[in-house]
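Here it is, the structure, as structure tokens.
Naming follows writing order (A, B, C and D), and every chain is counted from residue 1.
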Amino acid sequence: MLGVHLPGLALKNPVMPASGCFAFGKEYGALYDLNVLGALVMKAATLKPRFGNPTPRVAETPDGMLNAIGLQNPGVDQIIADELPRLAAFDLPLIANIAGSEMDDYVRTSEKMSAQPQVAALELNISCPNVKHGGIAFGTVPEVAAELTAKVKAVSQKPVYVKLSPNVTDIVGMAVAVEQAGADGLSLINTLLGMRIDLKTQRPVLANLTGGLSGPAIKPVAIRMVYEVSQKVSIPIIGMGGIENADDVIEFLLAGASAVQVGTANFVNPFVCPDIIAALPDKLEQMGVADINELVGRSWKS
Amino acid sequence: MLGVHLPGLALKNPVMPASGCFAFGKEYGALYDLNVLGALVMKAATLKPRFGNPTPRVAETPDGMLNAIGLQNPGVDQIIADELPRLAAFDLPLIANIAGSEMDDYVRTSEKMSAQPQVAALELNISCPNVKHGGIAFGTVPEVAAELTAKVKAVSQKPVYVKLSPNVTDIVGMAVAVEQAGADGLSLINTLLGMRIDLKTQRPVLANLTGGLSGPAIKPVAIRMVYEVSQKVSIPIIGMGGIENADDVIEFLLAGASAVQVGTANFVNPFVCPDIIAALPDKLEQMGVADINELVGRSWKS
Amino acid sequence: MIQEKMQITAIRGIADQIIEMKLKGTLSNQVTEPGQFVHIKPSGTAQNGTALLRRPISICYTNKEKQELTLIFRRAGIGTEQIAANQPGDKLDVLGPLGHGFPVEAVAPGGSAVLIGGGVGVPPLYGLSQALTARGVTVTHLLGFRSAKDVFYEEAFAALGTTYIFTEDGSRGRQGLVTEPLGELSFDAAYACGPLPMLRAVQQLIVDKPLFLSLEERMGCGIGACLACVVHTINPEDKKGYRRVCCDGPVFRAGEVELC
Amino acid sequence: MIQEKMQITAIRGIADQIIEMKLKGTLSNQVTEPGQFVHIKPSGTAQNGTALLRRPISICYTNKEKQELTLIFRRAGIGTEQIAANQPGDKLDVLGPLGHGFPVEAVAPGGSAVLIGGGVGVPPLYGLSQALTARGVTVTHLLGFRSAKDVFYEEAFAALGTTYIFTEDGSRGRQGLVTEPLGELSFDAAYACGPLPMLRAVQQLIVDKPLFLSLEERMGCGIGACLACVVHTINPEDKKGYRRVCCDGPVFRAGEVELC
């Protein structure tokens, strides 16, 4: 009743932790059995190790948080060596989130990751607002995003999901461009660019000045984008942005997402993913829905 | 200590109700003396009367609300006949918010409004996401916004503030374009485009499907945009988006706004504007600030 | 209209998900008509977050000597869940009284009225019934609920006049729709509050008597400034073409505004 | 580490804006070291909104028989204001115990230790002092506060060992910095918790003895997954190059990580 099939991903259920909010599963895996998850999206991998931004890296806002982690990660080779073998023990599709500053970084990182048998799909993070050079440009210009998608598709042995930035005038244009370039699916949305100023220091709270806004505050923007994009593309969408409970998951599915990711809410409730997964069957029953896939896009299909 | 001088606007204090959240002052004027306000921004005026969108027109979201009022107003002539004479009794700069579906609508409405002696300045709402034809396009293409600004400037007898949409990839580009076209000031930000889906009906809550997201949820996006834009333009910025209290006002000033507007918070606390104005002197004293203008842009100037 | 921190003097469940709450404060002195409402800022804890906007709740009845309002509301979502989580002694930020209520003067003393309510549309009819009976009007109540577990105030209404209870499943009172007895009753005016389909049915059946309907719309400000709550007028000659439920209503004379 | 709804058994102000709160639950059984912390989901009402993220608060001391944790925290913003608004009997969602605390085994029984604390860095030193004295270690406390109104637990510390109180304005104890007596004291190891400038000063003065510092960073998850709370290591050969305050710390041996 909860199973969902997407390119490269046979999901027991449509719920997976979002990239960057779950590291490589070790910490949350100490709290519960990761096998309950639909899939696991790993923290962004870059070609070289990155230390990321100076602290403070997070700040709280009304019903949201800003982060400027800056893609800290040990680099693709180290991830392949240290993290994948441990994760291979789980019966769980692994999605590798890929980031970079240059197109070539993305291509080479994707090539390496997609060659790993444990990796089921790639998620191209073309939209991380916290990387200074590159990154953001890929995410805001349709032609550039399309070119990047095509280049990665050419080398990838696994389906490629492109994760779009909401900080654009025309999200549908971005989505259509990467679909035409060969993307197998879309992830919507990454964080909104925001800032908070500390009244005591009179300076931005984050050392990086700006950060990515996530959490419940952005849910209406995410739902709108999933609703608009899902009507214009024929590839599946993994929806995210502010999901806290099973009702939110259903709202994303109704909007047009085929599966969802949960980010910030893990920090609030470390058991949020298993809690949601456990709550879904009852919700579906109350709605008279036998197969969760029936809900996808119902808000505009009916 | 609270006085602020902007093109056309001699403000007793930098706090004014935002357009569309205060109608023409009658309702809130029954609760308190409007003369305490820095200024009053009237509800959008269009050339012809507009009934607006079907209901439901509002929906609540985490720390925010969506609205799709649809610029309901009795038209510029009626506003001039019915509302301005009453408002003339107050010792208060009036800002006329102007909207339209065609460029010519804006120009003719602006011409009429700016000719009224009671009107101190115009605020061009080029960004209302709830109008079906036009409106949104003005707010997302720099060249179109610039052309509109220049045309309105050519006929306006009063300073022109352009109110920008946050639903763009490059807010600085928009701001610079309208500054070069002659704008006397900027209002930042209008609402973010969002949606909420009702789990019972499985359809969007708003009859208009999408609506504009306002309230505390959007404050980090607004602060970021004011911070970025204020460093690149030399015209003043009226900041808004989620302001609820005096601390929020100070955050906007530190980010680079010279004055602020308060929208959604009026619905939560009808006395929010006078409450904020009353709280500001103590806040400034605690900060050791003798003149509120000293705070403007301090987060990046120092 | 004032904004006041009103103290909760009593709060209790009276039916499934239905809460009766009493609020004490000077705001109650300003209530002029049954059917007016208050706009409450939810405070307190709910499962799924906290409300930003106020919530409109009808005044069920007013006790001016005790400076007390009684409200009856359904736990429907975040905001009402928060309000319901409060305890006696807690204070709530209340804006009101708001809007125009039911005109009791539509029935002369000695006349008769029928009051038709459904679900959480029933509460304001209780204050109305009190006011009408105090005026010497004979009242008949037609009150509809989903099921027996949802019924409240049956005896309170019965003490004021003949009361018919209807449930959809027949588990209490009669099975069927509140509109059924309308053909057999004689009355000088009718008042209704409840879901739209009920109001539409009532309006179709009562065409030759004064009829007053209380409407609901999602609200922003609650005081007429935001135009969230507008309804179209029926008369094409009407100059404004619309009414605001929050301040022109929530009670309208049948035929004044569209029911859609 | 578990997530538990812990019951507040006591909550009271003990200095200006400083709250002492006792929490009961099985989580307390898992505390292994003084200086560990808990991550609390704020619930309750605050003036300016409600917190989304959890708030890290050090465990002041643990009473395992009573299954009780004592925390001391300053009302600093929305989250701590919410927590402070709770009453005995209310429950809080607590994640913990988290992180690595102060190593008491760094001082052999019969040895001596100096504990240096500033402001809300003082609380975890109390549990540390209990553990050290229980081990037969002689402790000296150097505790700094802004002003007399901010001082707490002076007698409690004095009952465990020599205690010097410092205030910035001299309104209680000595005027000046907690680091002043360090030159005159002899000890086997030192432990410090407080604001960064204090930690830096301590680190400059204590170079030839084991020194353990408890750090603060803004946190997301609190369990090592989000990398919000990283600090650079000092050793350029260190393979990772960073530590997470939430799970590798919050207590580090001086010289392991940068203080900036």
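The rule is short, and it goes like this: a residue touches a chain if its C-beta (ideal position, glycine included) is under 8 Å from a C-beta of that chain, and two chains touch if they have at least 3 such contacts.
Small disclaimer: the values here were computed from a predicted structure and weren't measured.
Enquirer: Which is the least count of steps on a path of touching chains running from chain B to chain C?
Expert: 1
Enquirer: Using mean Cα positions as chain centres, tell me which chain lies farthest from chain D.
Expert: With centres defined by C-alpha atoms, farthest from chain D sits C.
Enquirer: Using mean CA coordinates as chain centres, what's the gap between chain A and chain B in Å?
Expert: That gives a centre separation of 34 Å.
Enquirer: Any idea how many Å lie between the Cα centroids of chain A and chain C?
Expert: 46
Enquirer: Once you find the CA centre of chain A and the CA centre of chain D, what distance in Å lies between them?
Expert: The answer is 36 Å.
Enquirer: Quick check on chain C: which residues sit in contact with 2+ other chains?
Expert: In chain C, the residues touching two or more other chains are 49.
Enquirer: Specify, in ascending order, the residues of chain B that touch 2 or more different other chains.
Expert: Residues 62-64, 215-216, 247.
Enquirer: Touch graph of the chains shown: is it line, ring, star, complete or other?
Expert: Topology of touching chains reads as complete, every chain touching all others.
Enquirer: Please output the residues of chain D touching chain C within their complex, sorted ascending.
Expert: Where chain D meets chain C, its residues are 43-45, 50.
Enquirer: Under the definition above, what is the set of chain C residues touching chain A in their complex?
Expert: Where chain C meets chain A, its residues are 48-49.
Enquirer: Report the residues of chain B in contact with chain D in the complex, numbered from low to high.
Expert: On the chain B side, the touching residues are 63, 216, 244-245, 247.
Enquirer: Under the stated contact criterion, what part of chain A meets chain D in this complex?
Expert: Interface residues on chain A, with respect to chain D: 20-23, 26-28, 30-31, 43, 51-52, 55-60, 62-65, 67, 69, 72, 74, 215-216, 264, 266-271.
Enquirer: Which stretch or stretches of chain C touch chain B in the complex?
Expert: Going by the criterion above, the answer is residues 1, 3, 41, 49, 51-54, 78-79, 93, 95, 217-232, 240-242, 247.
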